[in-house]
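Here it is, the structure in full.
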Amino acid sequence: MQVLRLHCDDKAGIVAAVATALSNNQCNIEESSQFHDPSSNQFYMRLVFTPLEDGCLKSFTERFEKISHDFSMTWKICDVSQKLKTLLMVSQYDHCLNDILYRWRTNQLPIDITAVISNHENTKDLIQGHNLPFYFLPVKNKNEQENQVRKIIEETNSELVVLARYMQILSEDFCSDFSGRVINIHHSFLPGFKGARPYHQAYDRGVKIIGATAHFATADLDEGPIITQDIVPVDHSFTPQKMQTIGQDTESRVLAKAVKLYAERRIFSHGNRTIIL
Amino acid sequence: MQVLRLHCDDKAGIVAAVATALSNNQCNIEESSQFHDPSSNQFYMRLVFTPLEDGCLKSFTERFEKISHDFSMTWKICDVSQKLKTLLMVSQYDHCLNDILYRWRTNQLPIDITAVISNHENTKDLIQGHNLPFYFLPVKNKNEQENQVRKIIEETNSELVVLARYMQILSEDFCSDFSGRVINIHHSFLPGFKGARPYHQAYDRGVKIIGATAHFATADLDEGPIITQDIVPVDHSFTPQKMQTIGQDTESRVLAKAVKLYAERRIFSHGNRTIIL
Amino acid sequence: MQVLRLHCDDKAGIVAAVATALSNNQCNIEESSQFHDPSSNQFYMRLVFTPLEDGCLKSFTERFEKISHDFSMTWKICDVSQKLKTLLMVSQYDHCLNDILYRWRTNQLPIDITAVISNHENTKDLIQGHNLPFYFLPVKNKNEQENQVRKIIEETNSELVVLARYMQILSEDFCSDFSGRVINIHHSFLPGFKGARPYHQAYDRGVKIIGATAHFATADLDEGPIITQDIVPVDHSFTPQKMQTIGQDTESRVLAKAVKLYAERRIFSHGNRTIIL
Amino acid sequence: MQVLRLHCDDKAGIVAAVATALSNNQCNIEESSQFHDPSSNQFYMRLVFTPLEDGCLKSFTERFEKISHDFSMTWKICDVSQKLKTLLMVSQYDHCLNDILYRWRTNQLPIDITAVISNHENTKDLIQGHNLPFYFLPVKNKNEQENQVRKIIEETNSELVVLARYMQILSEDFCSDFSGRVINIHHSFLPGFKGARPYHQAYDRGVKIIGATAHFATADLDEGPIITQDIVPVDHSFTPQKMQTIGQDTESRVLAKAVKLYAERRIFSHGNRTIIL
């Protein structure tokens, strides 16, 4: 099975052209979702299809290249069986890491973990116990450290970088160079409580619900396009510590969901908004 | 704007045929969702489209009739501006009724209420205050009463009948004659607590969550295809009465959602399951 | 049945003193909840009790006055059957108003609605249809208008003022004079999206969940102590208008819940936080 | 800190007696919750308190023994720092096990895991990697196997047995002998879909929400007192397999919550209902 994702200005005839090309080249549609955004006049589509015969995928792709040119599409075709090469970065808290490792190990997340980078050493044994490469990169010189990260991304061909509670701020250059390829989990319901110690902020404000937000990392801290969010109710008896404990479940769940959506090639971005098909 | 809904055996070329017919007849797709059900090999599609010129709708419909024949489709095209003619039936509890009336009055539900039938008189003033026809039909002779209901459905051309906490059981014949056109709200999270007094059953079983279920009425009580469900947490301090009070909000919300989905022509049924596009 | 609410510095012996006074004066405890806040060293308690004999309530109250003095308590005893006198203020959107009226009419909210004030006339018929006093107070001169509001509060002995989507900002003096007695509903998940047009702000930020917040009105707009909050998921297809429609249910539910908590004398405030017992 | 839990027929003077005994013996109340059940006339209370001086706990306990006798109480005092000795039983699916191990390892669950028993060997390495005793007990002869389980419970002094997706049915005798000490997770929203393959049952019935239920094991399969439940929405595109994958998160969360409530000594049972304080 193949995934086709495409995006272009909305015009008449797109769906007809794509569906006809698939049909004429013996490719069966298994799943399809699309979004016509009237506010921006953009069209987004994600299709899962099965080429029924040898050579179909090649002939469809050739035909589709012509169509995509006519409609000025941004597009990609990926083999579903090809797992997403994913690099994990983590600091001291390892609940999100543990959760992703479990889902990866039990085939719930269609990813290949290429390596784990941390600025702490506490997760080293866990990672190596899973036979995964572990890189201890403390942040003395930020530039230098980021260069090492870049090198690891390159060497491992990682398509996605997941900040699984990685508590260092990435440089503007890094965020811009890997735009749309770095997912961060923030432990608040954004846009509330950006920055440091969100559970303490939540406690001080006296909110009755706390949350977590998975978003693409951008140069503006905690301002990138939101992928998914979830919440959990709290009451007056919750100290910041108790919020932190209960919030960890939400963080793990939200981050895992975002990584899954990404790995299934469902996420499109437009400005500060995401379209999830 | 028009809604096209269609349903047929899943085959190659359906989407291509439909999209091409729309495109060739100057009809713009605004929204589209579809479902390929691998377990039953059925295909379901709902499209919202705008004919761009006079005569487009007619020419598309003519072309589409041919296509639908080729693929043995069940289909319908409806004008979005044409509100769904809806008959309400209610007994003593009027929370769902009040909720639907409010949403109807504030244009949140694209329905025309044709009449309200009740086996009690307590809502008469409320209904007539909204300038709606009210029929008081007590159930002395069930056959006779159902004949009157049938007559009202016919005379008012009602497409949908909403049982907004109507506490009488409809006959097998009635359910079968109006199959897929009668929505009931049951005040439990089905399949738990079918039948009478579900909140008392929930209390006795000691559940920690209660719910409500909107479903199509069938001859088997509380067994019809489920359209939507929602829940609310409870704890040991909830008596059946307290459950009833808090549950009313869930019932109203769930029923309103089901009516909206129906009015927007989003619901398909297959055996005991619904597909919501 | 009576409700006793009390609040004081946390010390040893409070519960013993209160429970003994009740027990010695033939008063039966029906419900009791309490909160020892370690961070502020405050103690909060809410008790529902039944005096078993004539004169018990009087003798308990006399005894309790002595106790409350010893512990420097802030306290109140209210008869449960005494409904809370509540003034509603509303602007053009009437979904919260409609919801409160329904719950009031069906005895789900233990309040007496004393009057409804609006700066618009569109809800006049609805209010008068419920045989409630309606005051049309447009805001030409803010001072003058607030004086009229103050006069109505006084004349009707209203204990609580509910801003049921009242879209005018109250003066600092008004908020301070009626501190802890004015509940506002804000149509966002605070602290996100304060101020005007929160659904448009939510759309622009691309959040995946929207919410509503009931809080005490203070001079700082949308900054008062939060009573309760709730949320509803949205996706990329939600325009600000669609958010508004779906958000109305959440707003109504959240406001009704806050009014119920207040009417049942469950809410305590400490700085910017509420304790709900 | 100490936890006092007690339960007796509801009468006047209980709270006064307990609170006075604590106060007179220099014990400070930190947390307190109680429930007067009018339907059964039972009283339940859970208190967390700190003895302020040496000997206080002893003198309070002596005094309390007298009180508990007067009111015919069932009661227990436990040291909060004393972790609950917990035995885990598991079959092939290890998501609940993995979740409990993580929470135990990060001190989120106040339990000591005494051992893990499985009728499969697949989790052996995981368990031994955590330096925990692993017992492989396949079920050839049920009686014999249960006797081994009984022996392990006894030797390890386990107070609680957690069936973390243990897919074997325990005998009536076993359930009765360990009544109120065995928590099971069932992967449906009980009372819906008891017995085998609940996700397949849920699929066949076409529900729109699936759930999980943690309950005390009793001789009647899936009929024991419910401790906690949670749900997750599904739609027509969910196959039983997809339900299973998404449901695992709910199962893990629900079971962990139940174990935490138990370890914190918050759960009381009355017939088929639980009171959680």
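Note that the chains take the letters A, B, C and D in the order they are written out, and that residue 1 is the start of every chain.
The rule is simple: contacts are C-beta pairs under 8 Å (C-beta built on N, C-alpha and C of every residue); 3 or more make two chains touch, one makes a residue touch a chain.
Here the structure is a predicted model, which means the values were calculated and not measured.
> What chain lies farthest away from chain B once each centre is taken as the mean of the Cα atoms?
D
> Through what angle, between 0 and 180°, must chain A be rotated so its C-alpha atoms fit those of chain D, rounded to a multiple of 5?
An angle of 180 degrees brings one copy onto the other.
> Identify the chain pair with more contacting C-beta pairs: A-C or A-B.
A-C
> How would you label the chain B and chain D contact, same or different, if same means the shared numbers make up over half of all numbers there?
Looking at both copies, the contact residues mostly coincide.
> When the C-alpha atoms of chain A and chain B are each averaged to a single point, how far apart are the two points in Å?
Computed value for the inter-centroid distance: 37 Å.
> Counting only Cα atoms for the centres, state how far chain A is from chain C in Å.
Using C-alpha averages as centres, the distance is 41 Å.
> By the touch rule stated above, which residues of chain B touch at least two different other chains?
As it turns out, chain B has no residue touching two or more other chains.
> With touch defined as at the start, can you tell me which chain B residues reach chain D in the complex?
That would be residues 35, 37, 39, 189-193, 204-209, 211, 225-231, 235-237, 239, 271-276 of chain B.
> Which residues of chain D touch chain C in the complex?
12-13, 15-16, 19-20, 22-24, 26, 28-34, 36, 38, 52
> Okay, in this complex, where on chain D does chain A touch?
Residues in contact with chain A: 94-95, 98, 102, 106, 108, 129, 245, 248-249, 253.
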